[in-house]
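Presented sequentially are two complexes of subunit A, the first with subunit B as partner and the second with subunit C.
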Partner chain A sequence: MRIRSSSFSTRAFDAFILLVMLGVLFTCLVPFIYMVALSLSSPKAIINNQVSFWPVGFNIEAYKQIFSYPNFFQAYRNTIFYTVAGTAIALVLTVMFAYPLSKPMLRGHGFITKLVIFSMFFSGGLIPNYLLISSLHLTQKVWAMLIPFAINQFNLIILINFFKSMPAELEEAAIIDGLDYAGILVRIIVPLSTAALATIALYTAVFFWNDWFNGLIYLKSKQFPVMLFLRNIVTGTSMVGDAAGAGDKTSIAISIKSAVIITSTLPIIVLYPFLQRYFVKGVLVGSIKG
Partner chain B sequence: MKKVILVCLLALLTAFGSTLVAQGVQESAKGPLKFSMYYSDNATLPFKSDWLTVTEVQKRLNVDVEFEIIPIADYQTKVSLALNTGTNAPDVILYQSTKGENAALALNGAIVPISDYAAWTPHFNAMVKKFGLEDNVNLLRLKDGKRYYMPSLFDVPFYDGGLILREDLLLKYGLSAPKTFDDLYNVLKVFKEKNPGSYPLTILAGPRVLYRMTMPSWGISLGKNGASGTNTLSWDYTAKNFFAGAISDQYKQYVTFFAKLYKEGLLDPEMAEPIDGDRWAQKLATGKSMATYAYYDQIGGVTRTSTIPGFKLQMYPSLAGPAGAHHQPKSKTGAGILFPAATAKRKDFEQIVRAVDEMFFSEENSLMWCLGVEGITYTKQGDKVVFANDILNAPEGIYKSMQIKYGCGSDVTQMIWVNAREMTKYDANYAAINAAVEAIGDVIQAIPPTPMFDDKQAEQAGSLQTPLADAFERWNTAFLTGTKSIDKDWSAYVQEMKNLGIEKFVKIYNDNLQ
Partner chain C sequence: MNTSPARSRFRQYWQLYAMMVIPLIYFILFKYVPMFGNVLAFRRYRPGMGPFGTEWVGLQYFKRFAQDPAFWRAFRNTLTLSLMNLVVNFPIPIIFAILLNELRNLRFKKIVQTVSYMPRFISTVVVIAILGELLSPSSGIINLFLKRFFDMEPIYFMNDEKYFRWIYVFVDTWQYTGWTAIIYLAAITGISSDLYEAATIDGASRIQQVFYITIPSIMPTIMVMLILNIGRLLSLGFEKVLLMYTPSNSAVSDIIDTLVYRTGLANQNYSYATAIGLFSGIIGVVLVSSSNALSKKLTGDGIY
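For the complex of A and B:
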């Protein structure tokens, strides 16, 4: 695919872009590599500032310790479930919502779009939301994590515009061939929208993976996602009490914090390369002739 | 046939017995008493449902407690939501007080006024009486004269943190242990001379630990962790009222002293930023700093990681300042237990209150939350407590290993703190320092009283507090680091604080004292 250009300025520009991209890559990777190194180093080496990009005093104690935390795996399973189920529900509902809104011929589509946009900027706030979810009997059920966040306005608008940009001729051809609108959506539109859907799936999956706050307020502790667990370990240890007793003031070792960060972010990072293949341009090239 | 009659008789007897011992929670006829409880979970000692203390207490009382384990960082959010909305609230909430938002919630009926049910909390009442804390507990009442939680109780406050110095260096340079802040200045000066690249005094968690531990020796307590929670006011222990500590001469002297340390490079220049536990340990372990204000149980961790030969940290009693030797004021009551309003609607509310009272405040059970179960975690030789071998030989120390393995000594579940009993969990050195502090006398003063505000006054006080606190923080950092001169700019600072209403703020507080 690469088009070689003999012009010097183009080559120089390519080299420049390559350099910039390498720089970006470097800045993204460095903190991650540092975390990996910390998580595999001995606490002594860390405190004495000897660790840079390679583990010093290699050991896997930190990982052993987090795996021995009660409920760590439970929380991990919960998160995987919320991410997979949440993304699937979000994709189905967003597609079903976006498709009709992409048809200007439908009466009232403008009004509904405005309603959606309104809710992007104004919301009821925490307590009304909680009361709503509670009176829908969703609290303490996994649905409280999945249903309220199924449709993200931003993703919806991306998808509406993507659907709008599809050539109307495709649908006309399908109608002539005897498909109804449901058939068109399932057989023509969705298969041609994998790039947009993959983007949205990624956004949604990352959202569900990172979400801790909704888990905290709506769920019971057995249903908590792993991010809450991570938050507790990384930030929740520096409490200094006012009472007269010896509170707990010891902090958690950096190696454990790093190990928790690695174990809880790695899976979602690994997802990216697998979705890469859906980001293909030009699926529509050649779909309409004449 | 005989068997059937016997069983019937037994059943009758137990039923009869349970009505007779109406107070006894144990004899509930229909299996164990069930209720739910919020527990604030700290990642350094993650809750385990099979902890000896947790299983044993449920067995002793025949209760089935459903613990809701909530990470400490988000505990307040979850509690606030449960109390504000009243839906999905647990029956019991641990680790709470009626400071801040909870006071308003209590006055609006979201929390059970537990002082109305004193007859159901005999164990709590007995402990209050035993420690002589009636007045302290009465001070926890809100504007309507009711108390909304059962606090944890302390007989003698601990000296659990303070000045920590490199003892090996004191010996090496032939210095004696500091007794006053002037001594400290001289010690730091020598440290700096011998190690020019160092900043001898560093501080854990930003300046707030330093401020809260040293300001009382000047007769003030200000800033983010000031004892009164007002940020800019201090309590006059002789006159028994509040004064504008932030613009007092005492504060001027205080900030002058620390600005001098800062200017001469004796104080960590990063102190104005929060120094977290990890970097703090790093500075001490690598010898970049030799003195600090921090907590005793952190010494071990730093010492273990240091590679400096002969490295030894020691904690010292509070140093004397212009107002005597004082540590941060401490309360003899701590966070405790409250009941959301919905619990009072349960038919078995009385049983729940009685069960909770016995679970945490009875003589035997409070002993268990501290030391575990006799024969398993410890044995008694005469009066002396001897811990089991696995605890004695644990590398993390007695206190920590009892927390992690058995759930003893967690400030969420232990409600009764007897200083002498706690000291058995620590080494002789710690007990000796505590004894030395006690010998000085009145080192740890009481926390100033909380005024009884109604909603409107609370609102007014709150709206004055924030801008004053911000201005104080800004000026304090400027004075300390020398960007503002204490001599020249002091009057401008006092004027600004007055413009922001510090005098009115003092008045609201003094007018509403109990």
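For the complex of A and C:
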């Protein structure tokens, strides 16, 4: 029970927190609401500065425009491909590395683990990485987008720790039943690790979905991911399409830019509420060291 | 029968070793070959003659950048931006976590928490594109607001070097506060509720409980996070800076990473750029390992 005299300050404190939290909600959401409003507003309303948090002169012209624009479609397809293929490759390689590394009895286990950890502190840097990719003749190939990021050390360590935490009896029983290690991994370990694998898959998928810089330095324009396409629209390196020719250029560009922003972020925003618990799991598992 | 123990162990575990072969080759090729590729900083690069350069030139490139004002400007900018970021964005997630924990409506708490870490998953390109719209001098809502309520002339936020650093720092606040707070919230959840009950009986107000129970209890976590953040001091969000970079704000927005990018990839001075990158990489390693050692010494806890 609280003492009466403190009840006023308690209520003031509650009100203060409520206010701060509403402010946080507002700041987190407003940029997206504003983008949605802009993308659904008429160019005229945008020029006249009438749009704030609600579409003015509601229309879906901008969305029609971007979907009729072949480069956008291509870029969107590319991003889906990079995300799916990149995540699949990353999961397979990470599991194949993490499982043996979760067995301290293996020879070289300690040394390889040290190699992994050291590479988190010190890396090749931009230029040596670039020169490696180009001397492997991977530039202008989609592999340049997929391969260099297949094993992320943080994800690897999350998974190693997860595998280590599994009861050893499981494997012992499987070995007695005549399963070999490949069988154990495929039939027992992987099915029991879906939560950890989902977490890693999500991190990886978000990474590939959002990546643009590697597209910029390695790929040609037909292979660009959608984020690079968006970046080029924003910097004006690439035209928004024929739409920019008609009417007022800047205001049409604004609604179209906003439509590209919304469509390219939509998968993350839509899936996010359902998947967010996996994200949080990852950061907490990752923060516990092995 | 007469096999050595090592050999029988190998027979038992050969599948585990086999599994590792491809990932290990991959790891060496894509993590360690570029690491050794840093020798390029001491060697002359000739096109078509391999990524490791052709002949040794000693510290020539290091001497050159040490005399290059562009390097020192980038170095200063990196330090300034990092320190500002640390001073502003280190305490904010702690305050946020503490306040969030004091929310009594659990449903509302859950909603705020979920929404607050969403920005972490939005692409930097999208974040900067939205920022460009919000801050646009002709149509951005911020300038409209300033004009309507304060009758101010439009401000060219994205092009004016005056605003670059603060914009960078606050975008980081927006993107990472909720995410970073997860660690502190987890630490707060671990505090025994007995402490709060006892304090309530003794008549401590909730604000007093925050100062005398919550903050001291999460102090070890705060210390570890602070030391980790100092270790990562030089690693700024390179992509974000690159996206915010314009010729008119370059005096403050050119950091070491963007300098490496420009001299290396745009101007193809590979060896020179590698030397600059290696220099900041080594500072990074020194910072991380010394702050980690410090963390272990002070709190008995480090990252590795």
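Simple rule for what comes next: the second predicted complex is superposed on the first by the 207 of 290 C-alpha atoms of A that agree within 3 Å, B and C clash if a C-alpha of one lies under 4 Å from a C-alpha of the other, contacts with A are read in each partner's own complex, and residues count from 1 in each chain.
We adopt the following convention: a contact is a pair of C-beta atoms (placed from the backbone, for glycine too) under 8 Å apart; a residue touches a chain by one contact, two chains touch by 3 or more.
Every value quoted in this text rests on a predicted model; they were computed, and no experiment measured them.
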Return first, second, both or neither, reflecting whether A:Ile66 touches subunit B, subunit C, both chains, or no partner chain.
-> neither
Answer with first, second, both or neither: which of subunit B and subunit C does A:Ser221 touch in the superposed model?
-> first
Applying the touch criterion given at the start, work out whether A:Ile200 contacts subunit B, subunit C, both or neither, answering first, second, both or neither.
-> neither
Should A:Thr27 be classified as contacting the first partner (subunit B), the second (subunit C), both, or neither?
-> second
Subunit B versus subunit C as contact partner of A:Ile160, first or second or both or neither | neither
First (subunit B), second (subunit C), both or neither: which does A:Tyr99 touch?
-> second
When both partners are placed on the shared chain, which of subunit B and subunit C touches more of subunit A | C
First (subunit B), second (subunit C), both or neither touched by A:Leu131 = both
Once the structures are superposed on A, label A:Leu40 by its partner contacts, choosing first (subunit B), second (subunit C), both or neither.
-> neither
Subunit B versus subunit C as contact partner of A:Thr139, first or second or both or neither = first
Where on subunit A do subunit B and subunit C both make contact?
-> 46-47, 49, 126-127, 130-131, 134, 212, 217, 228, 231, 250-251, 254
If you look only at subunit A, which of its residues touch subunit B in the complex?
-> 43-44, 46-49, 69-71, 126-127, 130-131, 134, 139-140, 212, 216-217, 220-221, 228-229, 231-233, 235-252, 254
For the complex, which residues does subunit A have touching subunit C?
-> 1-3, 6, 9-10, 13-14, 17-18, 20-21, 24-25, 27-29, 31-32, 34-35, 38, 46-47, 49, 52, 93-94, 96-97, 99-101, 103, 105-107, 112, 115-117, 119, 121-132, 134-135, 147-148, 150-151, 180-182, 185, 206, 209-210, 212-213, 217, 227-228, 230-231, 234, 250-251, 254, 257-258, 261, 264-265, 268-269, 272-273, 276, 279-280, 283-284, 287, 289
Within their complex, subunit B touches subunit A through residues 41-49, 67-74, 77-78, 81, 84-85, 87-88, 152, 154, 156-158, 160-161, 205, 209, 225, 227, 276-278, 281-282, 285-286, 295-298, 301-302, 304-307, 330-335, 399-400, 403, 409-411, 414, 417, 422, 444, 447
For subunit C, which residues count as touching subunit A in their complex?
-> 6, 9-10, 13, 15-17, 19-20, 22-24, 26-27, 29-38, 40, 50-51, 96, 99-100, 102-104, 108, 111-112, 114-119, 121-126, 128-134, 136, 138-139, 141, 144, 174, 177-179, 182-183, 186, 200, 203, 205-207, 239, 242-243, 257, 260-261, 264-265, 270, 273-274, 277-278, 281-282, 284-285, 288-289, 303-304
